[in-house]
């Protein structure tokens, strides 16, 4: 494969209302690229939920491919809020082309 | 207009259909964006019609009095609710504050259903009651937050967005904006848009309440946090708040129709605007809890029993 | 009312526009949730209007007879279809059962389009035909499953949800629920919601059929499983079933308009309720196959040719 | 009909509400699929009504002349725009071509808002102007691409789909298809669908323009590529193109109402059909740029100032 | 990175109607957390499909981050149904904070 | 775990209009299975965007689990267009059952 480089793929499940906050926090550690994916529903320690369009139930999947350093920095920064804000996150190893686009 | 008349309106029957369908676990669902479209429609329609009526009637002392009464009441009601939720409901301060904010604020759809019933019964509330509705949406959030935060230190959380969320909340902006547009255009210019906003009003309300019925039951089922004591409070609070509202409305001299609408605003609990604000302001509070209480218990109670009750009470007080 | 009149109605022309647009590979698409919103609207409207008419006319022997005939027919029709699909269509038992279930059941939108044409032609079907429609949705699923499962051992699969899916299916609940609401509220209380459910009826049907035209062609193109023999059966089955339906309707003494509607119910094939049930009940059956046959061939055939045909047949039989 | 009358219509006021709400960063949003549903509705309604009017008035020389004039103008206008964008706007050839294509084409919603204003003012444009609108959507894409591609070698890119995208574009198909349906069914058969397509027209336009106001401001905020010079051109181009349009309309002898509509078609810039085509034809061009200019500057300018301006100009020229 | 622990990320593509069944099966092996993501369309051995809102075409993406043991247990349990129910699944290694939340 | 085999998970973020083109290119290297997931918005070098239903802003997530060889072939084939078409891609290691279904 041509010039594939290692990066981290951050996947964060959070209330839709926190999307802007996540973007701000990501920006603060230098992560400026992300994509937000909708969800239909799910289940966790706080029970089952469905995205029914009325108050208080919409979650989104915040996706960002970034460098290990910045991924770590973001986790350090927002990790302490995870249990308060009901945020769930996982990190995976991925490879990308054009590594300079994934800082 | 007897209570039977209210209960047998198509709007209420569709709500009951939603409740029954969800109770027997039918897979009937309203797409999320259809629900959102209908709620935008209802808010625009309610605002426009209120504004057009105010433009016809002109500004009045009653409007200013009702607005001030609504402002004060929305700020004050959470204190009583908070006290009851902590003592009788055995809720922690954080969640009690969040729930109290919902009950101080008001529900657009409950107001819409009440307007529909009042208009059908020949005692339509004054147009400016829409502005009172918009005014009452927010102050409760302030007192709810004050109550919840006593002893809950806050730092570095998404709270920076809260004030924006509260004051520039989509529903407040749309309600007040449509109200202003209605007041500017007046009756003649409203004509071309009347087939949509007046003609479809009751029909859309039917399908919206069908969805609310479905959601109310499903939320209650998914939630684990609702105790029997809290469930009882979710019925007691609208009765208490609505009675206070009816008395205050009488005090400031509203006509029976507007007084009934005012009482219902006090009795109703927000499940759209306030929960959205609470998630940012008090993220540790449990949305399953305050949504279940306001949407799954208080809302149906008001639709089925609260509306006829406060219409009767306001009529009686007016004598 | 000549067939030209049916074919030149805006409802049919929008369907043709959809077919043509998809045929030339235009990128015109109706958002998914708009399609779902329209189908919920159509089901609520059809139910309400039927119920209101029954409330005006009262319960009748014709209603009971038509309901029983629909029940029996929906259960019986899949046996004939199964036989033809296996013999002439060379289909395996599993898929033949799934397809047969679709043809025994009925299509709401075909019924709606037929009602529209019949009403325009001055021979509106009886209000209770909506209840017959709802009754005919489910029995076919039972016989289709019986047929498909002979020799197909089932264990541990999501089948536990099937009965729920069938009986508490969203469309059945909404149709019967709206029918009941219509019967309860009657004509006077229907007035405020008439601008939506009667006024918008034909217009929504136009846009819905535009979407159906687009989808029918696209599904046919995406599917690989439809052979020429099966395609021919998808035209033959509605003719056969519809003729049986017309005769049965004559037998139980329905008026010509209701008889035509009954024939069209028999001729139509379900592409919403039954496929949803089949995916759970017979997950190994190919949805591409039964959806393409019922939605992409039989549905257009009925809209364009079946409706005028069975109107003519029922009128002839009534003489 | 004075300009105040245009500016105080509910349609425009909802647009202003959207602009203000987004400007103060309210979280008010219209769901994506609701916006798409409304734009499908508007295109179907506009096409139908134009077709019905043409079927009543019959084919005329004016229709052919207006159609040809529209075809030529849409092809020619991008050349002037390209020149100005490169020289005065300091834009590279690629982006200048993409922007020029938008300004040569036309905006359905601007046309719809102008029709509304003209009809309210008693000078409704001829029915065939809808066909002119559909004709003007595409030629500009051809000239825009020719201009952009001089010196931009293209290979192996998704360009194979471009012609399909252009000619079978959903909006063109829906506009022309509904126009044809309107012409076929005529006034009598349009009656049953009139409550939807005529009755709801203004109301839907209100909510659609609310959304456009929100989006215009948000796009402008998100985009970084809009310089002051380009912003000025986004105001100058509609004035120039609209004036040319008004003169051409006078030249081919259109009545004042149709001439005003023609001028507004020339003045308006596409932000739906053309951008969708440009993304495939010129993927290196920046959508943020051409969308911001056409949607966030030219569109509001035309809604608020262009429509009254070109109505006045066409009225003056007609004397 | 602070206390990141290894988990498995299960991604299952299935008909939307099977979402409840998947949730039940997951529950049976002790997986109580998941999120459901919508889809627009796709292609597989059964041909191209689009989520057109009418019967029979909607699929969803069922996402769960869980322990290796439970992931294995779920695969053992539902794997035999994959070809019957047209289910597609992949498993990836990911890292999470607060490992106790991902059992 | 029973017969899990290694595959590559390709995740491509691109304008919705490119979905058919991506499918064609994938087909050309023998990848015939994919799923398309919607998005709500995001941010990159070209700024913030939201899926507002009007022209020019919708992106999708094109997901395909395939063999390493074919993944490489696709990257070789479409990689050169990434910067022109504003395409973003990442590749991850995953494991699947029924490896023959993921070519």
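Think of it as A, B, C, D, E and F in the order they're written, each chain with its own count starting at 1.
The rule is short, and it goes like this: a contact is a pair of C-beta atoms (placed from the backbone, for glycine too) under 8 Å apart; a residue touches a chain by one contact, two chains touch by 3 or more.
These numbers come from a predicted model, not from an experiment.
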Chain E and chain A - chains in contact with each:
F
Along the shortest chain of touching chains, how many steps lie between chain B and chain F?
2
Proportion of interface numbers common to chain B and chain C (over half same, under half different):
different
Reference chain E; chain at largest CA-centroid distance:
D
Which chain's centre, taken as the mean of its Cα atoms, is farthest from the centre of chain A?
C
Whole-Å gap separating chain C and chain D, where each centre is the average of the chain's CA atoms:
40
Hey, how far is the Cα centre of chain D from the one of chain F, in Å?
34
At least two other chains touched by the same residue of chain D: list those residues.
31-34, 36-37, 165, 195, 199-200
Touching at least two other chains at once: which residues of chain A meet that condition?
37-38, 92-93
Go through the chains and record each pair that touches.
A-B, A-E, A-F, B-C, B-D, C-D, C-E, D-F, E-F
In their complex, what parts of chain A are in touch with chain B?
15, 17-18, 20-21, 46-57, 81, 84-86
List the residues on chain F that touch chain A in their complex, please.
11, 13, 37-45, 59, 61, 71-72, 75-76, 79, 82-83, 88-93
Listed in rising order, the residues of chain E that touch chain A in the complex are 1-2, 4, 7, 9, 19, 23, 32-38, 60, 65, 92-98, 101-102
Give the list of chain D residues in touch with chain C in this complex.
32-33, 36-37, 40-41, 44, 48, 164-165, 168-170, 173-174, 177-178, 180-181, 184-185, 189-190, 192-193, 195-197, 199-200
Within their complex, chain B touches chain C through residues 8-10, 13-14, 17, 20-21, 24-34, 37, 120, 195, 199-200, 202-204, 206-207, 210
